[in-house]
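Labels for the chains are A, B, C and D, by order of writing; each one numbers its residues from 1.
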Amino acid sequence: MVNFLGKGILKGMVVTFTNLIRPSPTTQYPEQRLTVSRRIRGTELVWSKTKCTGCATCARTCPQGVIHVVTHKGENNNYAVDTFEVDSGYCIHCGLCVEACPYNALFMGYTFERSKYRRNSLVMSKDDMAIEHQPASGYFHPEIAQTLPEQELLVYRGKKK
Amino acid sequence: MTLRTEPFVLNMGPVHPSTHGVFRMRVTLDGEVVVNLEPVFGYLHRGIEKLAEERTYTGIVPLTDRLDYVASMTNNLAYCLAVEKLAGIKVPERAEYLRVIMSELQRIAAHLISIGSFFNDCGAYFTPFLYMFRERERIVDLLEMVSGQRLLYNYMRPGGVSQDIPEEFLPALKEALNQMPKYIDEYERLLKDNEILYARARGVGILPKEMAISIGASGPVLRGCGVKWDIRKVDPYSIYDRFEFDIPTGTQGDCYDRYRVRVEEMKQSLRIIEQAIKQIPAGSIRSDVPQLIRPPVGEAYAHLEAPTGELGFYLVSDGSIAPYRCHIRAPSLMNLTALRDMIVGWKVQDLILIFGSFAITMGEVDR
Amino acid sequence: MFAGLNNNPVSFPQAMPPDWPGNAWWHWVIFTVIILVFFLGSVIMFIYMERRVLAKMQARIGPNRVGPFGLLQAIADAVKVLMKEMVTPANADKIVYWLAPAITFAPVVMVLAVVPFADGALLADLNIGILYVLAISSLSSIGVFMAGWSSNNKYSLIGAMRMVAAVVSYEMPIVLALASVVLIAGSMSLNDIVIAQQSYPMLLMQPLAFLLMFIAGCAEINRSPFDLMEADSEIVAGFHTEYTGMKFALFYLAEYGEAVVMSSVIATVFLGGWQGPFLWPWLWFILKTFFVFFLMIWTRTTLPRVRIDQLMSLAWKFLFPLALINLIFTGIEVLTYPDGIPWYFIFANIAIGAILVLLWSRLYKVGGGRIAVG
Amino acid sequence: MTTSLKAPEVVKQIQTRFPGAVTEVTDTALVVDSKSLVDVMSFLKDTAGLDFNYMTTVTAIDYFQYFEVVYNLVSMEHNHSLTVKTRVYGRDNPKLPSVVSLWRSADHQEREIYDLMGITFEGHPNMKRIVLWPEFRGHPQRKDYLK
């Protein structure tokens, strides 16, 4: 092959032209949504009232120190949880609390859209985090992961799996 | 008649389209030619080394994500290696393989960003950048499947990895491995032989071999100068001694060589992953490590080959649950030592290009 | 009304018919309106097309929210930009700063006065049309330089300096490339040049001149890979870093207006302008203009930016000698066949072009370029 | 595999040239008197068989009584490494000689130590704060900062 000035340029232009014809991998977000990972560490924590014993292991593990647990002595000589608050404005979604929870009472959230107008409304109370209201993700909870839909992957885009 | 001219000072950054974050260069220009340059760091200094002294050993892992935020997996791994060395923790076989797979995937993803933004600094109006982000997306998808997040994975733990891979991971990874060479080929055709890239990057920003060693450069910057120095080969951590791969090197240490080294490294990473998939055993993924690790009094330095270079963690323990001192050897910071020597004499446009060819991340430089 | 619209076969070259209404007052009014509509309409369409095609080539989708297929995106942007606050830097040279956008914008529209939309359908059939195009189109660089200087911003100044250097250098290959076309057509009037391309477009007869004109044209109007004056990754936004609102919109308009003008001139001179079968002449003209612009988008997507000294050396060491040699060959051909060059010279000219490009590829060195600093 | 040299063997070599320079030896590290630091370092760099041409890390640790500055040296030729430490006493204005003349990789790291730990390196060409702004008071990496 002869070498001439502009050969590499022409090769590159062929590549861009093939991309002009090829379908784009973009997703139009608010209308089209991809299924996220089963283990997504979503917006904030999900908390199960029945399972939580108030041991505050999560609060000790949290590297940011945003979990605030207050308990008192309950009837059956156990802890009754008064407050379970997470300042999700400071939460970095590392998931260490979920990993540390010995009673499987904490879950990461499955959704990923959340915004607030006021900063103090970012502090999540017990009711905001209750598992009855919030979908939980399968992070460190394989039993939940099985029930969630499979993640949509770009590698399988345009292909029959 | 001679024209009286005078140099002028231009502050490039901290908010500038191609300073890769918040970096400032105080440039003295004579027309278009750079006659002096002073780098100014610190706009992204978060004091991670100090913060680490107040966190538990496991709690530091999310902090290390935020060092080189385009290569979180390798940061996690470097830190975990240091803790394991310090506390004498054994890692199960399967976890080692998972670590290798993840960090090589991460290396490809990080190199894709480096090359893409390098081309962007050349002025190739976002095209290579977006192509490479498309392929990075495939990898990030996989890492999301494993770790649950797309940028700050927080996946490795001292003593293994946090969770086992889901069953649909390996087929998807194989599919991605099938597709990757085709796309790497596409980038090669897009710009490898481009005459304008030759003109811009060949012979530009040459870093001499001796200077590269003296400034402690590492990673593609060092290998671009022709030094065959890769921590994975010279000091195999984890299980890198079980894999076959080559160390690509450049010849003269210019911007083009650094770009070539990165592309070739991506191909080698694919080779490593292919071998790792074949060999991966079943078994546990995390050795029995207590929640709060209390390593014995002592110190440990562990390093690995991060996408930017040799990332090292120097940990000093006083026997408590938090490290007494945690020093991070940031490859980007070292690589920037010779910035002035390399840039002076080139034009403003070359400044951007040479700086882009280092592929630094400010999160790592300032820490 | 327009004698030429029937697309009659005309002898070569031919002056305007005697009943051409070029002197009537309503002719000026109508064509001023047509040019403005064409200009604004194609600028909007160019912006839309650039964004969409660029996006598709970059594996994206591009604007698709405003209006059907995002067609109204450019208009939405214009409305937004007009409502912006106008900021004048404190240390700016106020008068020059305010004048610069207008001075950049006005010459761009003026060029279209001599571009024919159909046979005889042009504002002023100047017999020095090409000269007029060259003279007027480089005027806008004065406005750019005023903007760069008066903004009192170092990025702006660098950008403006680069612009002036580029425009001065790239005038030369453009003039020489167009001169060889003028030799063949035997006239400087753009309408006559189009008529001269009745049997085959000038692209075939002058392939090398087309290549040189395209490259130099891209540099002249500062499109990638020669967009040094507003190199977004280096000098932020170049000369219009400090401009906002309406004034910025004028610069933006002028930038795309220059693209419209350059595309339409190239389409007229090399691709046969309004000539073409089946469709209306004006539609052919517009289609060809968009095709040339598509080529510009394509190069913009693919190529990295050149450096300023490489920009200069490309003009003086590559384009200029080739254009000169091409002009000499064309001159010999025209002298040998004064009644029109036979069609088989197409192959000869393509061969000459290929050989010259190959030859110069050997001589032209790329890379390096460090300047020793004392 | 990068072998970490046995410090006692290296010390023997150093002792013959600079008696009394090494104050303390452990298995992997040796502690050098700060006065003869540059001499020992240039010895380590230039001696055949040692050839420590690549310095990976310089860092400082605050032990309240003294600051320990740790140098991690690697030889690319022989693929071995060594940790050299030195101690500097006093908290008001601790001073150490700089090793930038030997390895330029110390440039930014020594500036960082000066910035965060407050150890001045004499002979450094550009001893300024690196990550904090010039007007900043105090050295935040010290253990008694904010106490």
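Please note the rule applied: a contact is a pair of C-beta atoms (placed from the backbone, for glycine too) under 8 Å apart; a residue touches a chain by one contact, two chains touch by 3 or more.
All values derive from a computational prediction rather than experimental measurement.
For the pairs A-C and A-B, the count of C-beta pairs in contact is higher at A-B. In this assembly, the C-alpha centroid of chain A lies 51 Å from the C-alpha centroid of chain C.
Centroids built from CA atoms put chain D at 63 Å from chain C.
Rounded to whole angstrom units, the spacing between the C-alpha centres of chain A and chain D is 44. Per-chain Cα centroids separate chain A from chain B by 25 Å. Of all residues in chain B, those that touch two or more other chains are 127, 131, 134, 190-191, 194-198.
In chain C, the residues that reach two or more other chains under the touch definition are 57-60, 301-303.
Shared contact sites, meaning residues of chain A that touch two or more other chains, fall at 5-6, 9, 12, 15-16, 19, 25. By the document's touch criterion, interfaces exist between A-B, A-C, B-C, B-D. Listing the residues of chain C that touch chain B in their complex gives 54, 57-60, 154-155, 158, 161, 224-225, 227-228, 231-236, 300-310, 366-373.
For chain A in complex with chain C, the touching residues are 2-6, 9, 12-13, 15-17, 19-20, 22, 24-26, 28.
On the chain A side of its complex with chain B, the touching residues are 5-9, 11-12, 14-16, 19, 25, 36-41, 57, 61-63, 92-96, 99-100, 108, 137, 139-140, 145, 150-151, 153-156. Partner chain C is touched in their complex by these residues of chain B: 8, 10, 16-18, 30-35, 119-127, 130-131, 134, 190-191, 194-204, 344-350, 352. Only residues 1-2, 53-57, 59, 61-62, 70, 72, 76, 79, 83, 103-105, 107-109, 112, 116, 129-133, 140-141 of chain D touch chain B when the two sit together in their complex.
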